[in-house]
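In the two complexes below, chain A is the common chain; its partner is chain B in one and chain C in the other.
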Partner chain A sequence: MTKHVVSRESFSRRIWLKTWQGMGVRFAFAWIAVLVCMGVFAPFLANSMPLLMSKGGVISAPVLAYLTREDVVVLGMFALAVMLVLVPLGVGKRVVLFVLGTALVTIMVNLLLKPPAVMIYDQFRSPTYTEADWRIMPPIPYAPQDYLRDFGQTGLEAPLEAADRIHLMGTEENGADVFSRMIHASRIALSIGLIATGIALVIGIVLGGLMGYFSGVADMLGMRLVEIFESIPTLFLLLTFVAFFGRSLYMMMIIIGITSWPGYARYVRAEFLKLRKQEYVQAAVASGLPLSSILFRHMLPNGVAPLLVGVSFGVASAILAEATLSFLGLGLVDAPSWGQMLNQAVKSSTFNWWMAAFPGGAIFFTVFAYNLIGEAFRDAIDPQLSRKAGVTA
Partner chain B sequence: MSQPLLDVRNLHTHLHPGNTVVKAVDDVSFSIPRGETFCLVGESGSGKSISALSVIRLLPHGLASHPKGEILFNGQDLLRMPEADLRNIRGSQIAMIFQEPMTSLNPVFTVGEQIVEALQLHHPDMNDAEAEERAILALEQVQLPKVRERFHDYPHQLSGGQRQRVMIAMALACEPELLIADEPTTALDVTVQAEILRLMRKLQDDTGMSTLFITHDFGVVAQMAQQVGVMQRGKLVEVGRTAQVLRNPQHAYTQQLLAAVPENLGKAGSSPHPNSPQQGLGKGEAILQIRDLNVWFPIKKGIFRHTVDHVRAVDGVSLDIPKGQIVALVGESGCGKTTLGRAVLQLEKPTSGSIRLQGQELTGLSARELRPLRPKMQIVFQDPQSSLNPRLLIETTLTEPMQVHGIGSGHEERIELASRVLDDLQLPRDTLWRYPHEFSGGQRQRIGLARALVLNPEFIVCDEITSALDVSVQAEILQLLLKIRAERHLTLLFITHNIGVVEYLSDQTVVMYKGKVVEQGATAQVCGSPQDAYTQKLLAAVPRLMV
Partner chain C sequence: MLTYLLRRLLLMLPTLLGITIVVFSVMVMSPGGISAQTLVEGSDMKPQEKQALLDYYNKRYGLDQPPPIQYLRWLNNVSPVGFTQDEEGAYTGFSFSKGMDLGISFMYGRPVGEILGERIPITLLLNVITLPLIYVIAIVLGVKAATDRGGRFDVGSSVSMLALWSAPTMLVGVLLLGFFANVQYVQWFPTAGISSRAAQDMPFLPHWDSLWDVLKVFGCMSLGMVLAVTAVRWARLSVWWLGSLLLCGGVTGIALGMQFAGDGFVRGFLFDRLWHLFLPIVCLSYGGFAALAKLTRTSVLENLHADYARTARAKGLAEEDVLWKHVFRNSLLPLITVSAGLLPSLLAGSLIVENIFSINGMGQLAVEAVKGRDREMVLSITWVSGFLTLVGYLIADFCYTLVDPRVTYD
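Our next item is the complex of A and B:
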């Protein structure tokens, strides 16, 4: 059994190595890695409070005291992921452990952590914090919700316009630093894309696979379900839910997830319908292999190519859906988001280029990166294609 | 007769895929006198189709070039003729028939329209009524039944044989001097092939045209050609009168090809049935008993998908397969032989009837109940392209079923067992660490056989395992199969449409026609003195090497 797992892991490692070839995909991974780092370490990269300060011989880290629950959960997930990558385990076990660990961390944090309810960022510019022996500030010394009220009537300012403060990407209409908001928003962009698509993928692969493999009645019922879900307009469902239940990121993820699975189910069904009559699948049945092996080992890897392209577009479109909602002013109220920032580019009478260029560029690059990765993965998973392209070592 | 109609001199055709140069046709010369048929024979990849396409210059312009040689047609050099002049010759003076009748007609036009279009292109002065008359005449010439109705049919309404007739009619409508036929009967059943070949010979006698006939089947060569050329890797290794080449081949490759034809296999080597006394002994115990087996596929109509009728793929078949024998299941495409093979393994659910493997009833068992029985019965498939999972190493393909059935105690031992099976099949051991696309068709079929053998089965269904292979590769596989069957005391159900293979390989023969078994018995008896009318027709249609 152990040997078996090893041989299987080497398969996924081979795929990974092949995906890694090529320049475009490396840039894409680098961009996603930058986004992940920004999302995970956002409170340490852009915050109004010092990372570390010494006052009268007492060393304190104010940033740790003001971490939100969300910050801690994200950090915990990141640590978990790093640990699991280092420990040699099968892919399936890693995924299970990661999900379980995340759930555990979330419950613990919600029970134990009591962050301060109200944040007054102005206090960090008061003598209590500034008159220290020494202090280390984050690279961007402004929190995303720090509206700089102590600087008087601030508002939209172009990059480096203010004389006494440095805002590399300017400030938004309430006076908060745009760079800081960009960094914090990458968390929303990443998570909504991955989680919404993840939900859709799981439902889509399972239902589509069963529909395609069993066909007949299962297929007919499944397809009717697909048609029902396809007829729901996601954006209007989101608008309705926002109107009834208020604004919640998690609700958005779930709604985007459960309305976008029919596309994946269709892909998987079509592939499985084609594959189930393939002779190697018939041979697997004739060899008496269990259903899970037939479905997920012999059929899915052969039918996954169109799905991957669909997934890369799915992640991109989930990000765009959130951006759209935020652009329409129906996103999260106070939390930063790229779409919401885009909204401000056109809101005032003048066109504020920095409010369009930076978040717009970020959305563009993220969507582009996912598409590149999807395509590279599709090529890598096909031994013939990768051999032809001269990718194999 | 002094000047041949087509004179190909030192033809070179180079293909340029990427930056490499493939010498697809390398210094080929032959000539075809008026009214004669010249056959180009060779295995796949030998350059015979490329030669034919070069003659009519149908190869893609950027991809192919002809650095040397000339093709003289009525004294004109086709290779140096401008494209516009060539277009006048194509169709009207040189016509072509392709291999695949399913795709060589345009599906959105009726067959009549397609012939009329070809006619009017080459005879612009011909009006619609005249062209239609000529087209109907051409269709009558190829003996299509009910021509006036068929004229307005779309290609999908015709059978494969009828479509090939339409293709011939279209080619002949303009009364060409040279007909190029690229494997025109390969995709057809043997009885249909016999009719088409007879028709082509008759039309040639009537019109006096010449034919360049491309095939891989020496039986067809013997029936059609006055002259034959044997191609190997782009070179023409032997040219001569047909009877001479077939009876007394000079080149080693021709000898090898002819020896590999199943008809000759039995004569040349040792007798394939050394254990004939065992036949009587084995008669008593049948490893597999099939009783009144029906496999019907419902035809559903309407919004409620109610069943209006059934396609009776297998219709009341009863069959005993004696232990240790090779039973050949013969029939034309669509006769239900593959469905029967799959139903035996429960890959297709039988509608009714009983299948017993060593007395154990198989029908009605759930997948879970079937699993312990699976290792006893295995299957090898026809298509080497799709019979192996392209995403898995051969090692995984071979060891996974062993693991599921608890054969071998650990991964190491399973690898060793799999290697031993590969040794038996004369495959190198590093086969395990490769992907399916790295192998040729013949090697893949051996790997497919290995996948069946690792489970130590007692009974294997071989579903047309050699029909996609070249004749020399087929000979290797058949010989291997006989060796393994003797070593492992296997029982085989060998499904095929090739009578030559049946005669060489099998102890017993079962003939199927339209879902029913029409004749069964010892192979020598069924092939020597067939009783049923259909079997007689089938055997008569087989193109024999020696006529």
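Our next item is the complex of A and C:
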């Protein structure tokens, strides 16, 4: 007879421990952590200007002077996130504080910071910057938009092809360093993945929740809407949105978000249809709680765990969507993007392998990592499924 | 059954209407909106001339009217039942048989229906070849993995299937194009299109000048297959090996035979087409079969442990019979459910694949139309692809009844 063990750990903690057990998942988290670090510290990892330099006894940090607003906001968000992880608080409070803090940082930065409007990267290779007493350069001494115009006609160069410069991953068609662009692109990829999925999640939960809670006519109408969005192939809809609206990063996030919500809505609806007849929901209704409280305080936490699975797969597909759009030439114009670099791999029948291998590899590993995490979550959340599928947890 | 079919077809109408409304409102709400601006590019024109040309185009395509009217007019033109117009554009009567008019593309200046008629068969050809391929490979791999649960093949295949599933189509496409269709590396396959120009004059099937050459190729092929069979017999390998080795032996045999045969070989239209489609289809299919193989494995495993499978074993059936006659049929259900979602993803996939391999299908047309802000074209492409998707759902539901007699729609 087996001993009955009473587990005192919370549900979320149990899921987390189970998820964390797999070897592949650890690699996946490690890869994403690397990407996050690259995204956050991109200006210090790859930039044309010195990190620190001393000239005539004056020590200056040109990098700090040339930080853009986005760089500062991202750094602020990262610092905030680290602080919040260290402070013992509830999950809800942490999220609220994070959102508020991010908003505050964004407003402050936009009001206070005045970065130089024009960047001329060639000047950092002029004597003003090179003839210093000592200076510390970033590991990759080229900015992503530094097209190396002072080196003359440069274009696609294979890794380590140029004699006087070191490009570990070669250069792209305008002459910019690929490694540097890869690092800066990781920020775009990650932020698009997370924010687009967040938008989709919010729309999906609200619509799905309302549909499931009210059922009847609201449900019927809502399901038609879901069906409409599901039966247009997402990529076609995305293309239409992107081509007719501008090509800014934020627009892209919103667009990917509003084209990928039906899955979540469908799921939340099904869950809420089940939950609405439960006693505790009836009790909440009977005690006259407002609708938002019933939906989001009482019902949502009981149906939220499996959404994690959808979210991990959603992030993967959002990243893929951005890469695809950029690949088709509908992405951001000047900003570095993995998909856009991949597009340059086969140009006029010459094959530039480094333009395929590195950006393509980055897309692949990121998508793979998120899919691995999604699978692990699924197996952890649904023990029956994992037992049937023969996955030993 | 007939009432069910009718009801489903009627339910499609609001969905299709919704699709066009969504797309139309996206186009209207966008900055710049829909206008003939993209058509008038002349920077060397005088402002008045430019304005006049703009006005002309706006009037010609009805772009000077408010968006709801524009939409209704478009809808009236597209729907097979509606009001008829006379030459001046005034609505004169109501007809049930006026036919569909998809309008005239801004970019091409040709009827949209005509252009779509050229492009859709190409995309459908890609998808129709890919779909059964996906299922065959997925079923073979998935069933094999399920029967080998926890074994080397199972673990290996489940990791590699997840990896394949995550590999972006564009990366695989670019790599295949770069390595296998490029003078820098090996040029085994053509770089673009779906047939070479010379293929128009070729006979349909491949053929050789002399019977002797045919015999040589056939002989080599049989030799390869016989060798495969002997190898399997000798090493006492399973049926799985037999199939794959037979295929390998046959293909190597044909390839060898071609070397021995004389020069009088004409590829033929069919072979030429297959040769062109090989890389695109590889690109289009791997993601699908990776996902489906994982699904097959889960579903077969689930059924292998079901009570009825145990009963079947208990009455003394061979494991092969349990697997193929009892378990397999039941495991097909989730596969069919997924097939409905497969069609939209294939359409999206062919959008990327067609762009990489320069195939003039609907996917490439979609990108061009969207870039050129071609109103009629974008609307038609979206509703046609939406329609194809809905038809896919319908077919999937019908296949359900075929596989599972318990499911009826009455």
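Note that the second predicted complex is superposed on the first by the 304 of 393 C-alpha atoms of A that agree within 3 Å, B and C clash if a C-alpha of one lies under 4 Å from a C-alpha of the other, contacts with A are read in each partner's own complex, and residues count from 1 in each chain.
One rule holds for everything that comes next: a residue touches a chain if its C-beta (ideal position, glycine included) is under 8 Å from a C-beta of that chain, and two chains touch if they have at least 3 such contacts.
For clarity, every value in this text was computed on a predicted model and none was experimentally measured.
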item	value
Partner chain in contact with A:169 - chain B first, chain C second, else both or neither	neither
Greater chain A contact set [chain C / chain B]	C
Contacts of A:349 with chain B and chain C, given as first, second, both or neither	second
Partner chain(s) touched by A:148 [first = chain B, second = chain C, both, neither]	neither
First (chain B), second (chain C), both or neither touched by A:288	first
Partner chain in contact with A:302 - chain B first, chain C second, else both or neither	first
Chain B versus chain C as contact partner of A:156, first or second or both or neither	neither
Chain B and chain C contact sites that coincide on chain A, given as residue numbers	none
Chain B to chain A touching residues, read off their complex	305, 342, 345, 347, 367, 370-375, 377-379, 381-383, 386-393, 395-397, 400-401, 403-405, 410-412, 435, 437, 448, 451, 455
List of chain C residues in touch with chain A within their complex	14-15, 18-19, 22-23, 26-27, 30-32, 149-150, 154, 159, 162-163, 165-168, 170-171, 174-175, 177-179, 182-185, 191, 297-298, 301-302, 305, 344-345, 347-348, 351-352, 355-356, 366-367, 370-371, 373, 378, 381-382, 385-386, 389-390, 393
Parts of chain A lying in touch with chain B, wherever the complex brings them together	3-4, 7, 11, 220, 278-280, 282-291, 293, 297-298, 301-302, 381-384, 387
Sites on chain A touched by chain C in the complex	24, 224-225, 227-237, 239-246, 316, 320, 323-324, 327-330, 339, 342-343, 345-346, 349-351, 353, 356, 360-361, 363-364, 367-368, 371-372, 375, 385, 388-390
